[in-house]
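The structure follows.
Chain nomenclature is as follows: A, B, C, D and E, assigned in order of appearance, with residue numbering initiated at 1 for each chain independently.
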Amino acid sequence: MIDPDLISVGITLKLATITTLVLFVLATPLTWWIARTTHISRYLLEPIVALPIVLPPTVLGFYLLLLFSPNNEFGQLWATIFGRPLAFSFEALVIGSVIYSLPFYVQPLQVAFENVRQELLDAAATLGAGPIDRFITIVCPLSRRGFIVAATLAFAHTVGEFGIVLMIGGNIPDETRVLSIALFDHVETLQYQRAHLLAAGLLTFSFITLFLVYFSNRTRQSPPFRRGIE
Amino acid sequence: MAISADIKLERLSGFSLDVSLTIPNNGITGLYGPSGSGKSTLLRLLAGLERGGPSDSVVIRSDEDTWQNESQFTPAEQRGVGFVFQRQQLFPHLDVQENLQFAIRRQHTQDSTDAGQVYEWLNIAPLLRKQVDQLSGGEAQRVAIARVLLNGARCILFDEPLGSIDRSARSKILPYLERLHRNLQIPMIYVSHSLDEITYLADTLYVLDAGRVTLNGSMLELSASLELNAAEGETASAVIACRVARHDQQYGLCELDFEGAPVFVNAQLYAPGEQVRVRIIARDVSIATTKPASTSILNIIEARIAAIELDTGPAALVRLERKGQCFLARITRKSLDTLNLVIGQTVFAQIKSIALLTDIIP
Amino acid sequence: SDTLQIAVAANFRPTLLRVITALERQSPHRYKIIAGSTGTLYAQIVNGAPYDVFLAADDARPRLLEEARLIEPGSRRTYAVGQLALWWPGSKGALSRDSLVNLRGTLAIANPDIAPYGRAAMEVISSSGAHDYRLITGVNVAQVYHFIASGNANAGFVALSLIRDAAPANNTFWVVDQNLYSAIEQQSVILKSSQLATDFDRFLRNETTWKLLAKDGYHVPGNPAGGVSE
Amino acid sequence: MIDPDLISVGITLKLATITTLVLFVLATPLTWWIARTTHISRYLLEPIVALPIVLPPTVLGFYLLLLFSPNNEFGQLWATIFGRPLAFSFEALVIGSVIYSLPFYVQPLQVAFENVRQELLDAAATLGAGPIDRFITIVCPLSRRGFIVAATLAFAHTVGEFGIVLMIGGNIPDETRVLSIALFDHVETLQYQRAHLLAAGLLTFSFITLFLVYFSNRTRQSPPFRRGIE
Amino acid sequence: MAISADIKLERLSGFSLDVSLTIPNNGITGLYGPSGSGKSTLLRLLAGLERGGPSDSVVIRSDEDTWQNESQFTPAEQRGVGFVFQRQQLFPHLDVQENLQFAIRRQHTQDSTDAGQVYEWLNIAPLLRKQVDQLSGGEAQRVAIARVLLNGARCILFDEPLGSIDRSARSKILPYLERLHRNLQIPMIYVSHSLDEITYLADTLYVLDAGRVTLNGSMLELSASLELNAAEGETASAVIACRVARHDQQYGLCELDFEGAPVFVNAQLYAPGEQVRVRIIARDVSIATTKPASTSILNIIEARIAAIELDTGPAALVRLERKGQCFLARITRKSLDTLNLVIGQTVFAQIKSIALLTDIIP
């Protein structure tokens, strides 16, 4: 039989990957809009994006639980459409993680987007690149560091998160029992050896992954003779 | 594609632009004016990179379409207008080749320039594999020009394209641009601080000052205008039209016919019988009252003094006319008095033939 | 010091508050309540937390503390015995162990690895023959309560003390027979001996407290005869 | 008597402010170094900075607890120097929050720092500005957005964080009981009304603060006629 | 502060720089060469903005200090070297005034330039309150120059400072720079594509090609070298030294004495008796074998043909000598043959006085 901790690892990686992908797809355009618009609604949206983090995860999870409930219209609608209730499903975890990681994705990316010089977009436009073309071929590559940081923060944060997951996931083995819960359980049940092992494994894995990500995406190193000042 | 624009725009900083202009279907339109006169702003509006504020009125039409009026705005990428920026804007995440490919993949029209030619004239080949931040100032500017040329635009705006390009590269690029616009039959606007470059290239001229057009018309007509040239001092010049008479193989010269008088230039690009334009710099022209002999000056043209404009300094600008065509001579007031020159008098203009050599407009 | 720091398992906190209120009526001293999960509090105590008294939700952790000689010798006592209740808001008819067979949907319990109520619930379920349910677990009974109250879980085992206040309709809950699960003994220990701690410990075992305990759904800890020790 | 929730609010604001200030002072130079160095140690340091978030907060808190414990040399040293144990003190909370919020501070700032053009620093150097002068007068103002995002994320995250705080702070009223724990407690003890009130207050306050921060720090708006393409 | 440098540097891209140069204590050193020849790289090394790789050898000394050798490196901010960059680098978070203040607060030396003067010559006043991104190309360049001038550097490097500055502004700034270096007695290096500008300003010249110094020496000596000028075509020129003889108030002219021959120029800045240098553009010089009369050309100088260099094209460069001083004439090969010019022959050089007017080096 597979070690249940390994199953948790699998679920966690799946959750973090899907969360990051969902953020990539949904939050990237949102961020671009926030970064570039001069419309005032931007100043309302910016704080709203950041709000999830001021709530303790468990509390946020609690409110999500209320939202997902079949007593609630949203929960009902979901159940009608997908044939099963939202709460305690993997989908619920994804929704919760996406909401909670949103600011960690949006904000660094926004900094990167705001640093893309308008002149380059002007040049691209006169060369015949439309808005989407410009976004994909100019803005995204120039914001590569921003994407990496955004994705790293969102991914890592989802791996480490557990308050929300605990609330809306229901800790179902093989489905919603993620690594962080397993780790927490080990600590709570005084299985310190297992906890240490799991934590050490998690840290080592994360370190190696992050190292590879950062190292392979380092900014093209200036040749040594350019290093005049800092 | 002809373009006409009618622009009234006010910046918060106090600068205002108020111009009407028509860019003819082909030919190069020169835009000249002092720093801060609004040249770049005008180009940005034409390209669709700015649209003016709510209280401004910007109307821009191409012959196919209305690009901008109160209710309408065609975005830059749909106008097919190429733009060589004053501060070149290469994409830093792409190398030189990728920058050029970016333009090639998005060609506005198919009947485009020959890439090989562009590479050769701008000497791009040795730069292809370089990163953009490893280019020298002049190299970057050449790549920026190449990028626009390869983009197959239906109209090209040049905002001081040759600012950081050295003389020898410049003398290769200028004739190429000239030829290019002839072949492609697309309108170009050329902004420069150098009246030299503009006189060389432009068919039509707009002079801008503080956001207003102070002078405009055909280059040929304006070139001999004292008004434009008085302020030019050393670089005052005029353009005349000549017919190619014959080639002198031995000395590598070409004899032109300027209203019956022979004029020698060093280019042999055109066949006898063709019409060419020649630029004469006013300071290259001296005046003699008797026909000079035994001098190295080959071109001695009989002409009539049509006008004299005194400088505030010691110089005077003399407008000389030969059968309706005009050119200028810049001489000292002292000579004016010594030789007793008056309007209507017939004199001999000596033009150093060498001075004409690279200034031929083919 | 005239302040007593009492670390208490979260599920007992509401009852403890009532006890303290009663106590403060006759004592000039201050009582600070630190609520948490038993596992967390245990880890903290082992690592030097400045608590005077520890009211755990089980007997395992107090025993471990005793073995580690971290408590006032002989102070480990059972202060309350938890009662398990099955709460099934949508049930029809009177509930019993056998009705679990009819349960379709989500059944929530506290994590049996961590929480004694969860372990007890597990014992009941495995002997009930129930099979067609989806088991989800929360960290503690409070979460189980949220799951059910929000309508996301169909039924669940909670501490009787929790639903006392909520007072659900009569037929929707069932106080599980005590002989169906091993007793949930909640034990207390004195960590730092002082007059105040001894006084509190004694108050925890007097008549007033017992009445409050009984009212909140706890069995009064007792000798085998069910009487009152001391 | 002051509402204990208000006291928690005070403690939380104090903690979040101090955490952000500590990060500002310590992490800003670190970030600048990471952003500019070409030394390989950068690629080791970058992942290390990000590591804290992959651990569930409670687990991270658990390890910090072990570290801070008087059973441990570091904890002992601290107690010797400062005269009182580190664990369960406000200082412990600050250390925990700083570690946990480190990546949220460092990473967005790093993106901003990396976007400062070397040419501008070259220009400043030839004008006579030394490294610190350049950092303060060129790099910092040009990275203003990065600072705002970094500080916002760190601050908000400290407000919302509770796993670590619970573990190493011990939820001691008036001392280490922060808002997030209070909110968590209200939910846990089923005091929904108080929880709603507190959550709504927290969200409103945060929204207004964030709105003001973002709005007053908006990038100088381009005049309308520059808005040719996005 | 004199600076000497000995640099061997190789870039990954293949470009290598191998130069030794000495920048004299005062005076302007011109740096000239085609695009990509390493001019900017050299300036960056001198300023301390690059330090070379481990396999490169860079030794730079000022007369007080060693700035760089294998073991030592003085950072840029301690060298007191001002740098006007090719692509101007104004601080975007500061407005124009704040950019200037940044420089003023960090002055390297106290005995600095007069701020009022700088503002006036560069016409800075109307720009003070503007944001940097609202400046036109030329305006930004003027601010960048002002920023360096106000910084009181002990040495200033100009990397094509006038690239985007229009002619009339340029004619104000150039003389100002000339005067500035005279007053401050600090060395300056001036990089330009325009040999015009360089000849105007520089006392010493270095010509760079592909990272090597191909020519260097005093401007006065080099100016008449056929070697340098042959490649220059139209802009070949030479510099001669003259004595101010008298002023002609009536015509605003100044009569100079060039080895016994009168030469007229239009500036009256210098008192009779002073030594001045005059630039003569080769294409302004024509040759006559008999003394010309009744012509507007005021300057007719008797000289000896010292050398003749044939062009590949139809032109020839003739070196004329008068009592040891040399200047050039660019004429056609045709004239050469027609007039039968040979080395050693005495001829009359006609120089249009107007051509000398703005070219005087005060």
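Things to note:
Rule of thumb we're sticking to: a residue touches a chain if its C-beta (ideal position, glycine included) is under 8 Å from a C-beta of that chain, and two chains touch if they have at least 3 such contacts.
This structure is a prediction, so every number in the text was calculated from the model and none was measured.
Between subunit B and subunit C, the least number of touch steps comes to 2. Of all chains, the one whose mean C-alpha position sits at the greatest distance from that of subunit E is C. The greatest centre-to-centre distance from subunit B, using averaged C-alpha positions, is reached by C.
For this pair, subunit A with subunit E, the centres built from the Cα atoms lie 59 Å apart. The centroid of the Cα atoms in subunit C and the matching centroid in subunit E are 92 Å apart.
Subunit D has its Cα centroid 37 Å from the Cα centroid of subunit C. If you average the CA atoms of subunit A and of subunit D, the two centres end up 18 Å from each other.
Multi-chain contact residues, meaning those touching two or more other chains, occur in subunit D at positions 58, 62, 122, 125, 131, 187, 227-229.
Contact of a single residue of subunit B with at least two other chains is seen at positions 11, 44, 48-49, 75-76, 87.
In subunit C, the residues that reach two or more other chains under the touch definition are 40, 43, 146. Per the touch definition, subunit D reaches subunit A in the complex via residues 36, 38, 43-44, 46-48, 50-51, 53-60, 62-63, 103-104, 107-108, 110-112, 114-115, 118, 121-122, 125, 131, 134, 145-146, 149, 152-153, 156-157, 159-163, 180-181, 183-184, 187, 195, 199, 202-203, 206-207, 210-211, 214-215, 218-219, 221-222, 227-230. By the touch criterion given at the top, residues 44, 47-49, 75-78, 80-83, 85, 87, 89-93, 102-103, 106-108, 131, 147-148, 151, 153 of subunit B touch subunit A in their complex.
Residues of subunit A touching subunit B in their complex: 117, 119-120, 122-131, 133, 137-138, 141-142, 144, 220. For subunit C in complex with subunit D, the residues that touch the partner chain are 5, 10, 13-14, 32-36, 40, 43-44, 46-51, 140, 142, 145-146, 149, 162, 165-166. Partner subunit B is touched in their complex by these residues of subunit E: 11, 13, 33-36, 39-40, 86-87, 130, 134, 136-139, 142, 159-160, 163-169, 171, 193-195, 231-235, 248, 250-253, 264, 266, 283-284, 286-290, 292-298, 313-315, 329-337, 339, 341, 350, 352-355, 357-358.
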